[in-house]
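Presented below is the structure to which this report refers.
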């Protein structure tokens, strides 16, 4: 946290805050996109021994550039082991060997349930999204889950249109009732704030603000009456090292594809 | 079948007769011991493209010497692919991809059931045998089974003391009732004769005699009143090529272990 | 034993209207050329299965080959939506698309059960999700030892599975390496299997991470260099990320899509892939 | 992360009286030295699990460490019977041995279920055999989609699994190759896992057929060159077939067996294996 302030975007703040959720030595199941950027940033800053597991079957990947897809050859080339997709889900994810599941989505609701399936009615959708992919079992089986998503009232809703992956269902006790073994989404990181589940009710509460974001703005950017914790801290801004590492990571993406269009 | 007669033992006749049951290009699940010798003999004589599968997880092994155990390094070194033991049973044996299962045992009964578990009572055994190993599912799932065993009235019994692997159970219709997919033991090769199941009753019937064995001797060497088919042929004796290949195979065994005894 | 044939012959022989087919690949080794050949041969009423349907399934759907899709994640990886898939689901164009939607864990286990000759697989999955209410092929099963209730999904046994691999030998044994996804399971679960390969070699040399499929587990092998483009074949090609990006624009518009299919699929021949 | 320790420390820390332990290996890579260390440390009332219990389990049984054995084939491969096992089952010497007997397919699936965090596995197995009547851990389960009845076996989750591998790196990641049997499943099914290795290397280089177990899936790694003797470690040693043959005579006689254990196990130290 030393050095002069460096300019950063909202996405930078989101990515850096998410990367800080990962501790060195943890095993992290990584989705592609922002979660992958945040996890790889953590590996290049405070968590060099973070173990990255991708659902394509790479255990312990140490990519030198940001993978563009879950099946990027870089992930296989740098992995401790490449295994089959059934094995990654059955032998590694399902028994609870993974510490942190890192997920995004299209919608997140008050109880941290995730929708990545459909906006509107399932049978006659307004927007058909790609679908759940690996997320339902990642959300169920990892010891804990970190959700990261840009915050708008359309993305953060009272009740998701479709529960693709369970956070806390309808509230306290639901995970236990459903037999979901992990602790669920303990942290939701947005470009406005950090939310954590109320230990009693499991409802998401704003617990920290991104630097430069007001409490009113952060609450207004949720589609429900977002509760605010008694103590709200403001996150330390991304420091120079973090931003330099992030820029270096981002710079690796454009290179391999000749014309990025 | 050319050349002058070459002397051969009862075991030679048994092994050669069993090897002749295998056709070129078939996929054969091989147990260690006599079945492995017979299968490797077939590969070196009339069935060079016989595919050998061993339960240790070697697909398409082409051993240059007789393996001494199911997990002989030679089987891995010469395999098309080495896979895990769960995979060999689940992905390769269980779905019925294997043409022929080649089994031995301590006892075989009138309906070709195999005992490799115990002589006497299970709870207070006279002789505790090694156990079923891979045989129950080999006997169930291979398209057909060949049993090979030296014939004595103690080994060929009316009813096995313990059904380790099902041949035809109590008779016709039992395999279907049990949901066993393969056709079961279509051939039992002994040092006295060949037995095949009666198409109606599934009871084993003597259908061919080993060369130099009388019908009376063969029937007397079974512990039940062995039925005899209307037509009984006498097997062609092992020819010079077969015996030469068998001797060459057997010669590979002693070599790797310094002192054989 | 395997039949080494041309792609056109293999598809003509193996794929019929109404079949359930799986063209598997996990970003790596996607059998795109085989998908184009299926479009060229005007197959219809297909049920297509894949964990991660991407551009080639978008093309099959837009070309009207597909009646139903069984899947767990349908998108353009790293880019966004599949517009032909969305158009079919949202507006029924060019025909309505029935969907059967699972999670990755469920799909992987469905293939594994299919490869194992079992009618179903057991997993910890789907509990609490809305997939349970919308997908008929999710059920429960009770452990006979502990009484615990678990999720069951039925085996997938495609009529035809198609994969792309790096090498085959002249006897038709196949080897792939790098990320090999669920391809072995897809092949072993299928009634018939086609493998397109980058290269036919005299001998397969074992490699780290290499997965070998013996010829006796396959129906046909076809020599189709570049057959995974725009995806990649590790050791032979790199991913054409620009193609995926460009597809977003091409596929947004029905006319532009149709023109693209006419030019790049129908007017092209299977041989044009590089044979 | 893994703890690289001596064999004696690892066994002392991981194995307690009454534990369920699996020393897996399929002819290849059998963790014999670890078995001897368990005998030396006088562990008692163990339940020992293995698909193919062979000489080292005969030694554990004869030494009185074992209350129960869960297995599918117990013999001296290529030689014949296990005389200490038979003596325990047939005559209760040195103590009665409870057995829980399965088939290979069942045991492999029990480990796989254990590794998968499931309470049971489904297979086509055992139907019509007398194992069903004598083994309580064989049940049936009905497919919720087809109504078909299949066999269910419960997961095995040993307190400790022990395997032998060729190499570990200094961080405790392990690699084995050649016939690797059910060892990955045995390790992943266990609450605690110990791997003895032939060599500690600076870096693991991927190999054809190589199976890597990352350090975070293991409890302890111990450097025990020759730790699989008389079985073998591909690339490091060959099988000592004469030992297996000689064991037949040694183990036939109770006194001779006891003398052998005193001389070759108790009087030897773990270090004597080659560290």
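A, B, C and D label the chains in the order they appear, each numbered from 1.
Basically, a contact is a pair of C-beta atoms (placed from the backbone, for glycine too) under 8 Å apart; a residue touches a chain by one contact, two chains touch by 3 or more.
Values in this document were obtained by computation on a predicted structure and should not be read as measured data.
Counted as hops between touching chains, the shortest connection from chain A to chain C is 1. Per-chain Cα centroids separate chain C from chain D by 39 Å.
Rounded to whole angstrom, the centroid-to-centroid distance between chain B and chain D, based on C-alpha atoms, equals 28 Å.
Within chain D, residues 112, 117-118, 123-124, 148, 184-185, 209 each touch two or more of the remaining chains. Residue positions of chain A touching 2 or more other chains, listed in rising order: 90, 94, 141. You'll find the chains touch as A-C, A-D, B-C, B-D, C-D. Taken in their complex, chain A has these residues touching chain C: 32-33, 55-58, 68-73, 75-76, 82, 84-86, 89-90, 93-94, 117, 122, 125-137, 140-141, 162-166, 169, 174-175, 178-181, 256-261.
Taken together, the chain C residues at the contact with chain A in this complex read 26-28, 51-52, 71-75, 77-78, 81-82, 85-86, 89-90, 101-105, 108-109, 111-112, 123-131, 134, 148-149, 178-182, 184-185, 209, 232, 234, 238-242, 245-246. The part of chain D that touches chain A in the complex is made up of residues 1, 112, 115-118, 173, 184-185, 188, 204, 211-212, 214, 216-217. Against chain D, in their complex, chain C makes its touches with residues 117-124, 137, 139-146, 148, 150, 152, 154, 206-210. Those residues of chain B that touch chain C in the shared complex are 25, 27, 51, 59-60, 80-81, 90-91, 94-97, 141.
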